[in-house]
Amino acid sequence: MTSDMHLPPAFTTQRSARGILQWLNAPERRGPLLVAPAILTLFLVNILPLLWSFGLSFFNYRANRQAAPRFDGLDNYGDLLTDDRVWERFVTTGMIVAGSVGLQLIIGFGLALLFAKKFPLRRILLMLVLTPMMLSFVSVGIFFKLFYDPSLGLLSWIVGQFTGEPFAILATPAGAISAIVIADAWMWSPFVMLLVLAGLVSVPDYLYEAAHVDRASGWRRFRTITLPYVKGLILLALLFRTIETFKTFDLVYLITAGGPGSATETVAVYAYRLGFQNFRTSEASALAYLILFVVIVLTSLYLYLVNRRDAEAAS
Amino acid sequence: MTFRKHNEGGWGQTLVSGAIGLIYFAPVFWMVLTAFKTRQDALAIPPKLFFTPTLENFRAVFFDTTSSGELVATDAWLYFVNSAFIAGASVLLALILGTLAAYAFSRYPLRGNDTYLFIILTTRMLPPIVVIIPIFLLFRLTGLSGTYIGIILLYTSFNLPFSIWMMKSFFDDLDREVEDSARMDGSSDWAVFRRIVLPQVAAGLAATMVFALILTWNEFIFALLLTGTESRTVPVALASTVGGSVGVEWGKLSAMITLFLIPVVIVTFVLQNQLLRGVTFGTIRR
Amino acid sequence: MSALTVQRVTKTFGDFTAVSDIDLTVAEDEVLCLLGPSGCGKTTTLRMIAGLESVSQGQILFGGEEVSAKPAQHRNVAMAFQFYALYPDLTVGENLIFPLAAEGLSKAETQERLDGIADTLHLDSVLQRRPHELSEGEKQRVAVGRCIIRRPNAFLFDEPLSRLDVALREDMRGSIRRILATLNRPTVIVTHDQLEAMTMGDRIAVMRDGRIEQVGTPQDVFDHPANTFVAGFIGTPQMSLLDGRCLDAGETQVTVGTDQMRWTLPASRFADMPRTGEAATVGFRPRAASLTPGGLALGGCRLVLSEHMGAEKLLHFDWHGQAVRVLTQDDAPQIDEICTVYLGDAAPHVFDNNGIRLRMKGDRQ
Amino acid sequence: MKKYLLACTAMFIGSTAMAEEIVIRMAAPDWGPTRFMQEHANETYSAPSGNDVTLEIDFIPWPNFFDRVNASLNSGEQRYQMIVSDSQWLGNFIEAGHFLRLNDYIEESDELQAIMADLHPALVAGYSTYPHVPADEIEALGGYSPEMNYYGFPQFPDNYFTYYRNDLFCDEGENAAFQETYGAELPCAPEAWETVTWDDWRNFGEFFTRAAGETLAGVELTEDFYGIAYQAGKPLDFSTMQINAFFWQWGGGIWDESNEPNAEVIGVVNSPENIAAFETYLSLLDYAPPIAQTGQMGIFEIQDLYMQGRIAAIIDWAALAGPVVDPSSSTVADVTSFGLMPGNILNGDLDRSANLGGQPFVLTTWNDEETIQEALDLVIWWLSEDTQIAAVQAGGQSGMMSVLNNPDYDSWAPWNAQFRQSLPWQRDLWHIPEMFEMLTQQQEEFDRAITGQISAEEALNAIAEFQDELLRDAGRLE
């Protein structure tokens, strides 16, 4: 009887345990099977809390109040969008992201080209360049704050050798922002180098040999062979560094605490102040989702640009 | 008489890379140097390159002197063990889950493959501060707060997005012909994955492991909030050297940084040859 | 233009000698094939000429000018790679004209050259495609096209036809041969396929273990193999080589043979005389032997295998432990049947105890 | 009464009642005074009730202490029985229902009442009362009074005073040169600082600021040297703490939380006195090290600069005085003396008002009666005279007047006299939950003025406007 009921094979009664395994092992189920554990972990530990705080952003919940949260709809978002302090912080963060990620790409790529060739002591020197990335934000923040100190810091001492006076880089908004950008770029350029290097190393030698035989100039070799190979990985580096730098918190909090005035206060620091110092938990969540929205727009822009260039190149 | 092949540099290259490498390494070198200095030397201007080194700071990391002067061991060694265990476990877990998921995303794309990938990416976009309270509540409800499993699962989920995206880009770059020919010789999908595919993405695996380790090894805010006194990690201990009766205990902080840097340096150095070994062994490229 | 000269060149990788002390000269309009089994150093030699490998000792000259110290980009050589090495992100057209940038041609000249190559190599229909969208044959033609579109000091081909199926290989051999003839540049082709070498090369250099065994025209190498290795390597089906001894080297007659067979030849035919008592090897082409009586006879040949080669059949005999091959049109005997193989009036090749061929009068010089 | 009842029932059950094992877990910052408390408790404390009570302190780094405690409390983790809390946090966590009101327990315990009477009024005001009751009213009520709500006890009281280089201030050559230009003596002995005003402070700043190459007390300087410095930093409360002192000393002040809701903001926060006070504060930064211009000159930066011998005199907390006289960390350990903070002549006499520092510790609301009793016994032990004396001798501080007036008190630390004399002048920042928002905004505006982006008046107007609107929203202002 069961045979003509068109039940999916897996659920017919006679199916034995071995059958289930077979069913699971079928190629078209292979994809979900392999992806499931990763997605499950992400969902339980990451996405669930995200949804929770997303829900929170529509209320007026204050962490330090016993009062039941009141549904405010989009008020939080409305207040944030009309608050020019928030726009100011987004602009500051934008500057830091543009400056730092830009610098990281240039330095990272340069370092990668430098280390793509085999040469004596290469592995030890590569280790030296990778170490900044291995430090914690706390240690880099604390030490760079000392480096930037106009009386006790190395930067002021070095500059002082030429100008004769102490150099206070953190005194002006522009100086403070560049101080943050330098610290972040110095710390994370090796990340970009790591990715680009992984790409450079996978370029087959005979392509370069062919280019040499064809007497192509360094630039044409780079544009024709190297770039296409590492383009994917550069995008990945750009994507990840933009996401991480947009969340800059420790460096700003430790080096300038957002000063002078609010010149270097990033949206992440402002969200922290809202959520943790002013106890406006809902507003902080709303701001976080504004950040999420901006970063999503930015990253999809990258992906769109690259895919379009790919499609164009392939057509 | 001879000339160098295009991808070999001589000592000249070493000089150039060496100079740039040292400039880049200088701040880290200064931190490590500070670990051997007394406080006065550490903050001295003009900066002291040559000084009488002291191991006092390293002793201070592992032993406290009580008011009566005798030495009592601190929990520092416990923090190092915790850090190694938590980081190690979460990196491995993220690598395994991430690589399998990445292979599936690359070779067995699901409907809406890109949206899944993008959602995975978005979990990294929120500033961690904002999800602290929800994660705190989640951990308390599930009894995970203060436990090793809790923090390891959390760190695994932090590492997954990068692992998946990175490994997928490497799997996409691979040449399918080699896999197909291996399949034609009758090897099972699993054998193809293990013997043919994985060796080719060694560089990717190495890069992912290095980055995931660095991200987890130095994670601070969740370690501060979610670990109990027994499962606390080194970054939290690092923060204790700040804000005491003296602004920053520069010596003790540098000593901890130096000690804390060594495991990551060793792992990266070991993984380096995987990283730098090209994958070109005769496969026909696109 | 001028010849390509390789003088006493040696190449060592650590303690392994890939190429030892070879000399070659390729005339301006000559095509030289480097032939040999894999690992004989032919590709290394080609890469040294191209400037992709530096020379351990010796010199390489283009028209008298020494280039050993110059890397590839300063030697103006054109090379087609075994794995094609097509630039994956460029279209076929872009791949073809890529090397012309260094020749400083005007747009019109570049277009003209491109049309010429596309036409001769039938690539017009695929100019806009990308390398990974091409078939093996098309990829191979683009690789060759990118090489011969140039006017370099020398053309170098690394196993250009090795990845093609037989039919395509047949067709490409002919067209490449025709094209090379029009370009009068010294050309070196590396191959392990002796048929390819015979058809494409003006001269062939047979190599083994880093040394050149013999350089000569295809005919020379076929008719007068310098030693047993060349004799065995050149010519399909492979020459039968029978180990024996020089029983008597008199003024009028020379007798060579084994305990089962004697072979007497007029001494007058020998330019170099063998020495009595020394080992000697006797070789004859399968086509020179047959089952119809006549000439020297080899009794007791047991048929081991019979291969159909289309119009002819190749018979493999076991003669007292030595392989004897006979190519014949008439029908084959039964497996394991004992027959007698006759050499007719063809003069066998005789090799001395070092495997060096004894020159016969009447050999072409 | 309840306690005696408990004691009787315990007897009825008979002595076989097993000594219960109770753990009092306390969140505390990771530094000297709390480490001492843990050590001392392990060594000397045994619960009078006979139970096996252990004090287990969870040491948390101070810069992140608030985040950890805040997350723990708001998540309802109920992990800690006692918590060391900054005095300004009281309102926030009390109104959120986390800190325990102790009046009933004090009512029943003579020892606690005695302690409340012995505690210095300024500390009872800042550390215990909420809603805030000013010190003078407490003094008027004399000791414990049920009219006030009690929450905290002092774990580590703190205030700030002057650290100065006695080798410079007592140098004849420097003194002669100073007299020649300013017609006054350099204050060499600590007592001499009791008459120092901010004008004298400015003169010291101008006089001792020297470029590299000039001589200082006969020695040629290799690096620039600076005269004076006090906290002027954006992080945490590093400028508010000092600027509030100026406000009070000029007769101005901050919004008065104790007579909410009719205490005004506009006209008080940006009053002429406050503006004059703030302008004086800013002008004195000209003689401070260049880090002042970056708005990052916190209590630790001036301590570092002073210990490296780059400043003649600074104003900093008692908590930071230890390392300054410790040769292993300070290059000027043996030439440092301590004096009172300069003051301002207000209505004839020298006003030395300042902002109270340090931390009280409190009980949490989710403990059973027995745990509360054990915790209170611990408090009694901590605030007992010999424990407090041991704490002070170990470098800590005490809020008990009996300890402060102990004849040997001044000898236990070179700065104890200054701590004792400063204590009566202490007044505190607001304690209401809105404190965080007001402080953050205020720090940002002060920072703009310190870095010269806006004037003192503009800053104070912006602060007054913000606080007025905020307090009205919060219903603390009509």
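For reference, chains read A, B, C and D in written order, and residue numbers begin at 1 within each chain.
Please note the rule applied: a residue touches a chain if its C-beta (ideal position, glycine included) is under 8 Å from a C-beta of that chain, and two chains touch if they have at least 3 such contacts.
The shown structure was predicted, so the numbers you read here are calculated from the model rather than taken from an experiment.
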| query | Looking at CA centres, what chain is most distant from subunit B? | reply | C
| request: Could you compare the number of C-beta pairs in contact for A-C with that for B-D and name the larger? | output: B-D
| request: Please list the single chain whose C-alpha centre lies closest to the global protein C-alpha centre. | output: B
| message | Please tell me the distance, in whole Å, between the geometric centres of subunit C and subunit D computed from their C-alpha atoms. | response | 95
| How many angstrom lie between the CA centroids of subunit A and subunit C, rounded to a whole number? | 58
| query | So how far apart, in whole Å, are subunit B and subunit C when each is placed at the average of its C-alpha atoms? | reply | 56
| subunit B to subunit D: how many Å between their CA centres? | 40
| task | For subunit D, jot down the residues that touch at least 2 other chains. | result | 67, 74, 223, 301, 304, 308
| request: List, in ascending order, every residue of subunit A touching at least 2 other chains. | output: 63, 151-152, 204, 207, 209, 212, 276
| note | Among subunit C residues, those touching two or more other chains are 51-52, 71, 83, 88
| field | Residues on subunit A engaged by subunit B in the complex (per definition of touch) | value | 27-28, 30-35, 37-39, 41-42, 44-50, 52-53, 56, 63, 111, 114-123, 125-139, 142-144, 146-147, 151-152, 154, 157, 186, 191, 194-195, 197-198, 201-205, 207-209, 212, 232-233, 236, 239-240, 243-244, 246-247, 249-250, 267-268, 271-272, 275-276, 281, 284-285, 287-289, 291-292, 295-296, 299-300
| task | In the complex, go through subunit D and note every residue touching subunit A. | result | 66-67, 70, 74, 92-93, 95-97, 223-224, 226, 233-235, 289-291, 293-296, 301, 304-305, 308, 310, 433, 436-437, 440, 444, 447-448, 451, 453
| Complex interface listing, subunit A residues touching subunit C | 204, 206-207, 209-217, 220, 224-225, 228, 313-314
| said: Please output the residues of subunit B touching subunit D within their complex, sorted ascending. | reply: 38-40, 43-45, 64, 66-67, 132-133, 136-137, 140, 145, 221, 224-225, 229, 236, 239-240, 242-248
| In the complex with subunit B, residue positions of subunit D that touch it | 29-32, 35-36, 39, 58-64, 67-68, 71, 74-77, 223, 298-301, 303-304, 307-308, 319-320, 322-323, 328-331, 394-395
